[in-house]
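Structures are listed in the sections that come next.
Presented sequentially are two complexes of subunit A, the first with subunit B as partner and the second with subunit C.
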Partner chain A sequence: MKQFIRYLPLLLLALGWELAARLELVSTTALPPLSEVVVAWIDMIKTGELVTNGLASLYRAGAGLGLSIVIGGVLGIAMAWSKPVNVLVAPLVEMFYPLPKSALIPVTVIWLGFGDGSKILLIFLGCMLPVTIGAFNGARSSEQVLVWSARSMGAHKLRMLWDVVVPSAMPELLNGIRTALALSFILLVSSELIVAQMGFGYLIGYLGANGNYDAMYAVVLTVAFLGFAADRIYLLITKRTLAWRE
Partner chain B sequence: MKAPLDRSRRLGRVHATMSVPAQIVVDQVSHLYRPPRGREVLALDQVSLDVANREFVALLGPSGCGKSTLLYLIGGFLPVETGAILVDGKPVAAPGPDRGIVFQHFALFPWKTVRGNILYGLERQGMPKDEREQRALDFIELVGLNGFEDSYPSQLSGGMKQRTAIARTLAFDPKILLMDEPFGALDAQTRGLMQAELLRIWQRTPKTVIFVTHDVQEAVYLADRVAVMSARPGRIKTIVDTKFDKNDPAIFKAKAFVEKVDEIWNLVKDEAIKAQGKRT
Partner chain C sequence: MPPDGWPEKAARFTYIVVTRFFSIAVLLAAWEILARSGTFTPFQLPALSNVLLRIWQDAVTGDLAINTALTLYRALVSFAICAVGGVAIGMAMSRNRLAHWFFDPIISVGFPMPKIAFLPVIILWLGVYDVSKISIIVIDAIFPVIAATVIAIQGIERELLWSARNMGAREREMLWQIVLPAALPQIMTGLQVALPLTLIVAVVAEMLMGGYGLGGAMMTASRFANSTGVFAGIVEIAVIGYCLVKAMALLRRRLLIWHQEANEPTTA
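Our next item is the complex of A and B:
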């Protein structure tokens, strides 16, 4: 019941959408009725169009995000751990951080072409910094006495890094990854909208250009839902990982 | 600054009267604390101290007298730059499992349960799984935390956290126990209970203990000898013998005990006043 009330505004929005379109309060080209969008969605599932394009997109987002988590996490912890690494990398991070990563879409295409590679590279570049910064801040906050405790119990330096610094960094690191997760969807769709032969973004652009608006809305809603679901699942994982924080 | 070693040995080892060679030798150790910003401070000035095997020594002094610094130097957490510290005849170079430490704020791994915290040191020592599981249970039992094996530190009271920390350190069986104001963060009742418990445990598993505190009664009650430290720069002002029958339930009211507390309190008072004066 609580869950129902929580999502009631969504239901009202859907109802309002349907009514506005049916009563022709707005042009049905601009906003086809929700029911027709749902029909278009079912059609696209049946033909497999949504699934093939969706899998292509998820592969790109997953690969880019995965790379950014591994490399960004290692880089952030290395920055907190070693002064030389920090001196070398920190200015690059500071300069690169405010750059809108969508500006790199043409660059990545020149480097890696129209296929998966350019999207994965873009998502990787865009998602890496929030992860790096989260890992850096988290690792830097690891308590001296915990490090000392581990050392006095016989942990050598690398072992201690894994046993103390990494778990200490975890809350902030997981926060950074959440930001990266949202960014990955944004960069995925915008890069596919501009140059791609496959994927959610490509499908939205292609259907829109051909006036196939109910199908286009179906794809937009699918992306919105996937983004929402990914965030929810991620929060659940975070909560379980950080169960020790009460 | 003049080299500290050039000065005469005012506080040479007058009090080192043990016939057996000491297990811990602190010889003319000075330590300069360099904060990231601001002026450097002489935290310890030519401190010498010998501690015998299985002896319980308290370092007593006002806040900021460098008693914790001395403990960290013995632990190998800070580098010995002037003077020498020997443990079992070997200079201290790094932390090691021969010297276990218990901190004021427990320093438990918050992401590990009580059991996980206690197991950690045993894992690092490479103890076989069955053996270390059994040993962890024994030490949980020893400090009376049965039923809380799978609790995280955030779910425990202060006293329980400190008992976990003590069990964690005792479990991997260090020869030397370094304790940095271990009961300082606890309320008065819990502190009294923990003191008695520490003595009980110490009598069962005898170890060399260096115990940092600013509580005179605690020092006299727990320790065989109390090293009274002066306000910054930290020096050992004097060392007082404080051997009493610890199992006497009326010890806190015994005349000899009360007088000893008084005597040491008078020594500390001047230093505490000096320390206060320097702060304001």
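Our next item is the complex of A and C:
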């Protein structure tokens, strides 16, 4: 019941949508009734249109994000661990971090064309820096006492990196990955809206251009829901990973 | 006769300059050399000097000024709307139970959503001009501001509020002299998240809807396979992004000069 009251506003919004469209308060081309959007969604699941395009999108987001987590995480920890790496990389990070990543969309197309490669590269480039900065800040703040005691107990450098620095970088690293996760969806959808032959963004643009608005709304809501669900699942996983800190 | 400690200061200064700009210089030089060496075609990687030349030409014809002004106008107007509206909604949520009940689920569901997916819907409703561009930017960038405001106000120390009320502060004075200043550090953090988002979305919206603006100019260049124009666009947008982020960090330092964080060393 408590949950119901909590989420009642969303239900009211949905109801408002349905009524506004049914009573023709707004044009039904601009806002088809929610019930018809649901019907269009079920149709697209049946024909498999939504699933094939969705899988293409998720593959791109997953590959780009995975690469950015591995490379960005390693880079961030290396920056905190070694002074020369920091001196070399930090100015570049500082320079590229404020770059609005969407500006890279046409360049990745020039380099890798219209297919999967350009999207994966874009998501990788866009998501890497938040991960790097998270890992760097986390690893830098690893408590000196821990580092000293590990050293006095005879841990050698690599062992210390793995057992002390990486775990203490974890909370901030995971936070950086959360930012990257949200960013990956933004970049995925924008790049697919602009240039693609497949994927959620392509489907939205294609359906919109053909005036098939109830189906377009269905895809938009699907993407929005997936972004939300990905964040919630990620939060659940993070809580588990960080359980040792309690 | 150099003043005391002069050689050390000069050495330190040189060290900072060298370390800060070394890798950037290497990167730029590598770009130029790689492009000139013929490893890549000029289409894949136009030489840095040509890109700079192109920016110079755009500056002379005035295109650069128009496009930059339009993109900045869209991003900054949206940012102002996000700042005022986001703080207002956040305040309302923390003072009024009804507002909290209504907005809380919308924020918690809406924040992690990729709201850029609604761009075609916004185009359908509002057309392709500034109103729809500004709307989609606001929709995307207002959430961090609202969330930061709510968390900031929740985190204000009770003692601060009690003592102000005890000394006879009225509601209006409480708001302007206690609540807002105490919440300001976290609100600023929210604004610092929102600002780069406004630029990201402004560029995407311009790319998709065309017309003037840096994003639109890049898209036009890309359609004509003019990769020098595309790279010029990136350099221009990168410079603007860098300046905006730095300006925001400066503003933060000025506004929070009274706060203890002003004394802490920062990396920004």
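Observations on the structure shown:
Going forward, the second predicted complex is superposed on the first by the 245 of 246 C-alpha atoms of A that agree within 3 Å, B and C clash if a C-alpha of one lies under 4 Å from a C-alpha of the other, contacts with A are read in each partner's own complex, and residues count from 1 in each chain.
Throughout what follows, a residue touches a chain if its C-beta (ideal position, glycine included) is under 8 Å from a C-beta of that chain, and two chains touch if they have at least 3 such contacts.
Not measured: the values here are computed from a predicted model.
Of the two partner chains placed by the overlay, neither subunit B nor subunit C lies in contact with A:G113. Looking at the superposition, the partner that touches the larger set of subunit A residues, subunit B or subunit C, turns out to be C. Applying the stated contact rule after C-alpha superposition, one finds that A:W244 touches subunit B and leaves subunit C untouched.
In the superposition on chain A, contact of A:L99 is made with subunit C only, not with subunit B. After overlaying the two complexes on the shared chain, residue contacts for A:G48 are found with neither subunit B nor subunit C.
Looking at the shared chain after the overlay, A:M170 reaches subunit B, while subunit C stays out of its contact range. Of the two partner chains, neither subunit B nor subunit C is touched by A:G16.
Of all the residues in subunit A, the ones that touch subunit B in their complex are 143, 145-146, 148-155, 159, 163-164, 167, 170, 243-246.
Taken together, the subunit B residues at the contact with subunit A in this complex read 72, 75-77, 94-97, 99-101, 103, 105, 107, 109-112, 120-121, 124-125, 152-155, 168, 172, 174.
Across the interface of their complex, subunit A is touched by residues 19-24, 27, 43-44, 101-106, 109, 112-121, 123-125, 140, 196, 199-204, 207-208, 214-215, 218-219, 221-222, 227, 230-231, 233-234, 237-238, 241-242, 244-246 of subunit C. Taken in their complex, subunit A has these residues touching subunit C: 5-10, 13, 29-30, 87-89, 91-92, 95-107, 109-111, 182, 185-186, 188-190, 193-194, 200-201, 204-205, 208, 213, 216-217, 219-220, 223-225, 227-228, 230-232.
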